Amino acid sequence: MALKVAIIGGSGYTGAEILRLLSGHPQLQVNFISAERHAGQKVVELYPHLNSLTDLVYEKYELGQVKKRAEVCFVCLPHGKSMETVPELVAEGLITVDLSGDFRLPDGESYQKWYGFNHACPELLGRAAYGLPELFAQDIKEAEFIANPGCFPTAVLLAVAPLLSSDVIEPGALVVNALTGVSGAGHKPKLETMYCQVSENMSAYKIGGRHQHIPEMEYYLSQIAGKKIGISFTPYLVPAKRGILASIQAKLKDSYLEEDLWQLYQKYYQNQVFITILRQGIPQTASVTGSNLCQIGLAVDARLGQVTVIAALDNLIKGASGQAIQNANIKLGWPEEMGLLEGSYFP
Amino acid sequence: MALKVAIIGGSGYTGAEILRLLSGHPQLQVNFISAERHAGQKVVELYPHLNSLTDLVYEKYELGQVKKRAEVCFVCLPHGKSMETVPELVAEGLITVDLSGDFRLPDGESYQKWYGFNHACPELLGRAAYGLPELFAQDIKEAEFIANPGCFPTAVLLAVAPLLSSDVIEPGALVVNALTGVSGAGHKPKLETMYCQVSENMSAYKIGGRHQHIPEMEYYLSQIAGKKIGISFTPYLVPAKRGILASIQAKLKDSYLEEDLWQLYQKYYQNQVFITILRQGIPQTASVTGSNLCQIGLAVDARLGQVTVIAALDNLIKGASGQAIQNANIKLGWPEEMGLLEGSYFP
Amino acid sequence: MALKVAIIGGSGYTGAEILRLLSGHPQLQVNFISAERHAGQKVVELYPHLNSLTDLVYEKYELGQVKKRAEVCFVCLPHGKSMETVPELVAEGLITVDLSGDFRLPDGESYQKWYGFNHACPELLGRAAYGLPELFAQDIKEAEFIANPGCFPTAVLLAVAPLLSSDVIEPGALVVNALTGVSGAGHKPKLETMYCQVSENMSAYKIGGRHQHIPEMEYYLSQIAGKKIGISFTPYLVPAKRGILASIQAKLKDSYLEEDLWQLYQKYYQNQVFITILRQGIPQTASVTGSNLCQIGLAVDARLGQVTVIAALDNLIKGASGQAIQNANIKLGWPEEMGLLEGSYFP
Amino acid sequence: MALKVAIIGGSGYTGAEILRLLSGHPQLQVNFISAERHAGQKVVELYPHLNSLTDLVYEKYELGQVKKRAEVCFVCLPHGKSMETVPELVAEGLITVDLSGDFRLPDGESYQKWYGFNHACPELLGRAAYGLPELFAQDIKEAEFIANPGCFPTAVLLAVAPLLSSDVIEPGALVVNALTGVSGAGHKPKLETMYCQVSENMSAYKIGGRHQHIPEMEYYLSQIAGKKIGISFTPYLVPAKRGILASIQAKLKDSYLEEDLWQLYQKYYQNQVFITILRQGIPQTASVTGSNLCQIGLAVDARLGQVTVIAALDNLIKGASGQAIQNANIKLGWPEEMGLLEGSYFP
């Protein structure tokens, strides 16, 4: 019999996407969904595309209800709100995957500096696994709860990990550029995400080391490399609803061929069902949209001794809701791909 | 054990979509895919989004191969080509669904007039079922093979059938307007479907009764109504990859309330798994994209005694490949929704 | 020396567009722009594309300031707000063009019924000219002030006027369908106009005779026809920032050829600089975007005795700000095209 | 009296854009436009948006005609074709601006290596000015003819020149990332630029040092720096018709403040009418689309000692046709901004 799921803070895109993805999961069934402002409304009023999949009604969050009606919790609250709710779910022994940034960084000061708030329960920071299964599967199985990675960090960590763990690139800041679709900015109406502002426009934002995903990337990359890694990070907003396309440019220590590096990546990710290393062609978001896949490609500029790695994923699936389900599967001892094998849609 | 499927003429969007959809079908498995110009190429070279789903290679069409390797055929050849291949598949007793327009019209003259070619085998025209399952399920079970409807006719027939079968509207031409996404124009590069021509543009085409879907709509609507029905049809191309949004405006014979008509539609489609009649809200393509659903809504303008019906569907699924699979399911005696219950994706 | 212009309620798209267009006008110069919520902010903070064109700062509206600093006023306030401000501008003898709907309808009851508010000064309703220059130029010269038409009515009236004034179509409701870009819904963030809601989506809205532009279209069409005209109107929102594409379907009284009707239109608009009647091809919004042009095309369906007329315009220019300037030009006795001859941009 | 202009190879976007822009130029008038495949067709058949601006008909190229009918030539032929025609125009003493890449590189070997062809007249390579007016105005005035820069190089050179000429960054490869709109790939139908391939997709291309604009950027940057400069360049295609958004990441030699660098840029470009250095905000393409402007912004990441510079321009105007006219203006001794002061359009 399927386990029951609560989605907490479910009025945004990630909540709707968990609901959609779990409609095809054989062992997890959504039984509770909360959204303070929308309590009493049917989910399909906000998300008419779910018409054929759900009759659920948004409710107000209440711990008692969640305990009674769910064994697994996906927390989709905004940054700064999640840390108020996650502790009590964990304390009750519920399987908890937090999609916010609230438990991804190692210490309270980092939150002060990058998110601008005092962390409400810094003592819990060390007790979450960082839920990037291809890199930290053992932690996910063992930790008390799971901090689901950000969309940019998922793409960047997956793209860079093989280089750092093999020590083939020069020390010094990695240069990372990443394009994101608009859904990453959330479901609430804002001027910056209006159709007329975004369509046919390209913009950069939070340039000069101001994006809150930087410490998350640097912390986990440093773990992988076994030394301190810095990232010069430039994010862009482009006219697309979904998708992350991240590129990493780095100086090679030696004159590697593309084939060498391709072998390195292939081996590093050899049994990973959701990672594809392209031998020909270059990843594009249209090839992964709708799926939990991450495609990675690379090229060597022999003239300069530089490597460029490109990773593409769907920010709402591998970059959020799909990965959250993958984490829950692992935590529950199931195959990580359970309910997540749907392919990409195109066009 | 699953039956084996051949996709003939599979390099276009409908072929790729059948391949994608059947990857989730428990009883049908694609075993052969042909494409003359692309023979020898892997499907994923043309459609990298199928990367995780298929290793198939395009082959040249050959009847012997098809017979040997498949029991069910989906023919995705262009109009005018299909009629050369379908007869031999039918003669071999293969379950055949033809997605072209070549067997939808009742007689050879109609092809001369609307498609501009002499039909190669007019004797087969009466032997195909018109594959709109919600209206002609019995025919589909019984006929020798299936002519899958056009995307516009699917939307329009589903939207109008309840009105015509209940005789609630005045005689006289129905006014039909329908917006389509770009994928309806096919996968081959043309000036009209280039990004720079389509993005941020709205255009009408084949106005003044020139679209080849008109005789198809008029013929089957006349069957439903039991009298001759004419359609004044205006199609539009809008900046979207997928979707049909069709509206029908007609004069009511009497002063019906919206509620009356809603009941009429509800009853007409009461057990239809893929039809949703909206009581509130108006259909939009984003609510059905990615699914085999057709959403229908309506409103009455009491001032003028007019009814407006709106239907939305995904032109590549309910308007083509999904419906083709639904037809095959019916023909094979299986539940029509087998492998087709995936919900819509959004955003 | 140039006359000075005040833009009242200038934080929306129409205000920004008047500012942009007037930067190329030899006789009008913007000297005051108000926006209550943005008072104190530079215009370029809200509209960085105006960077090279203006240094203006939004101010709070004050009649004394407007009198002192402007001779010509463009009022871009929302419906229901404009009627509070226009009367005092008119009383001061300022040349006033109101872009809202507040003075387009003939009587107070119509506002009650279609806009849902009591009109604040119904006595002024008969004293405004309806600012559609191609049809009502004399009124515009003579009336006390100008009510600038809505974007849909501009397209529909221009498309239908020649048919109605020549009595070539059957009585009975005209069927009008019109696609609009997103900018028509304004600059304020709303869920319906977010990128993720609009991109790749097609929707209809206010179907069944609920759009507030209906009485405006019916009133002026009836004036042109010399008898009561009803309109069955269906508007659609499509993924485009700018543009209106309107179609009219009507039954012809006689068997006219396309050439006959083309001559009729050509003659009706023979000296109109902003109207193009296409002899070949069908209007599309990309051909008029960025200009004050309206393109009109037509086709006859001889089978059904129906005519389809298509009109395309830029909703922010010919459908709003450009037409407002054209009206001011006429009122001031200048050539109507002054400052408005910029062509369309593409792609 | 205006000088007469010939556009050679005018069926693409850059030819159409020169035609549109020159319709507002007081001293240049297009009198001849050639396009081999379209000879005999009216320009408006291909570009209906030019309906109100031109009656020109495409002709076949013939030197005699050009000499007789024009004093100024804009050559919009493809790379590899231009070098066959430009020499005879120059020999005739016609003012010639070549928009192709055929005369931008310093020597024949570079063409062999990066463009893959033998240059037809390497002896002319040193006699063209590189037409980037903000950096090479004197050359433009003096040289025999003008090689108009590529769209990427225009953005990148303008963004980096102040840093290199002031020696504030560390030696070593500059990391350059640049997003481009689809019109850069030209007007001819190709699979990669179809709407269904591009919309909602993000992709990188020619990664690993394979883009033909690299030698152009490196050569002129090296000239500015007075030493050899290498560029690690990653281009992206995003769903937009127009626009280049380029970013440069580099290591600073010292701990500069943003304010210092802002002053440096401000001073470097102090009298340049088409360059805007943003003190607040970050450049976006929507702020320059439709204009000949280049907006530049920057940020310092003090943690890493890195600077990020962002430049935005319209690839068809400042990146091609507008800059070509700017070059002709300079060559003719006129103000460089003549006919080019139109602002950006938005939304």
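A, B, C and D label the chains in the order they appear, each numbered from 1.
Everything that follows uses one rule, which is that a contact is a pair of C-beta atoms (placed from the backbone, for glycine too) under 8 Å apart; a residue touches a chain by one contact, two chains touch by 3 or more.
Bear in mind that the values here come from a model prediction, so they are computed numbers and not experimental data.
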Field: Relative to chain B, chain with the most remote C-alpha centre
entry: D
Task: Write down the chain pair with more C-beta contact pairs when A-B is set against B-C.
output: B-C
Query: Just curious, how far off is chain B from chain A if you go by their C-alpha centres, in Å?
result: 37
Interchain centroid distance [CA atoms averaged], chain B/chain D, Å: 46
Message: What's the distance between the Cα centroids of chain B and chain C, rounded to whole Å?
response: 38
- prompt: Among the residues of chain B, which are close enough to touch at least two other chains?
  reply: 13, 183, 196-197, 199-200, 239-242, 284, 286, 289, 347
Field: List of chain C residues in touch with chain B within their complex
entry: 173, 175, 177, 179, 181, 196-197, 199-205, 207-210, 230, 232, 234, 236, 238-243, 245, 247, 249, 251, 258, 282-286, 289, 297-304, 306-308, 310, 312, 347
Field: Residue numbers on chain A that touch chain C, as the complex places them
entry: 13, 182-183, 187, 189-191, 193-200, 239-241
- line: Interface with chain B, chain A side, in the complex: residues 13, 16, 20, 23-24, 47-53, 182-183, 199-200, 241-242, 276, 281, 284, 286-291, 293, 295, 341-347
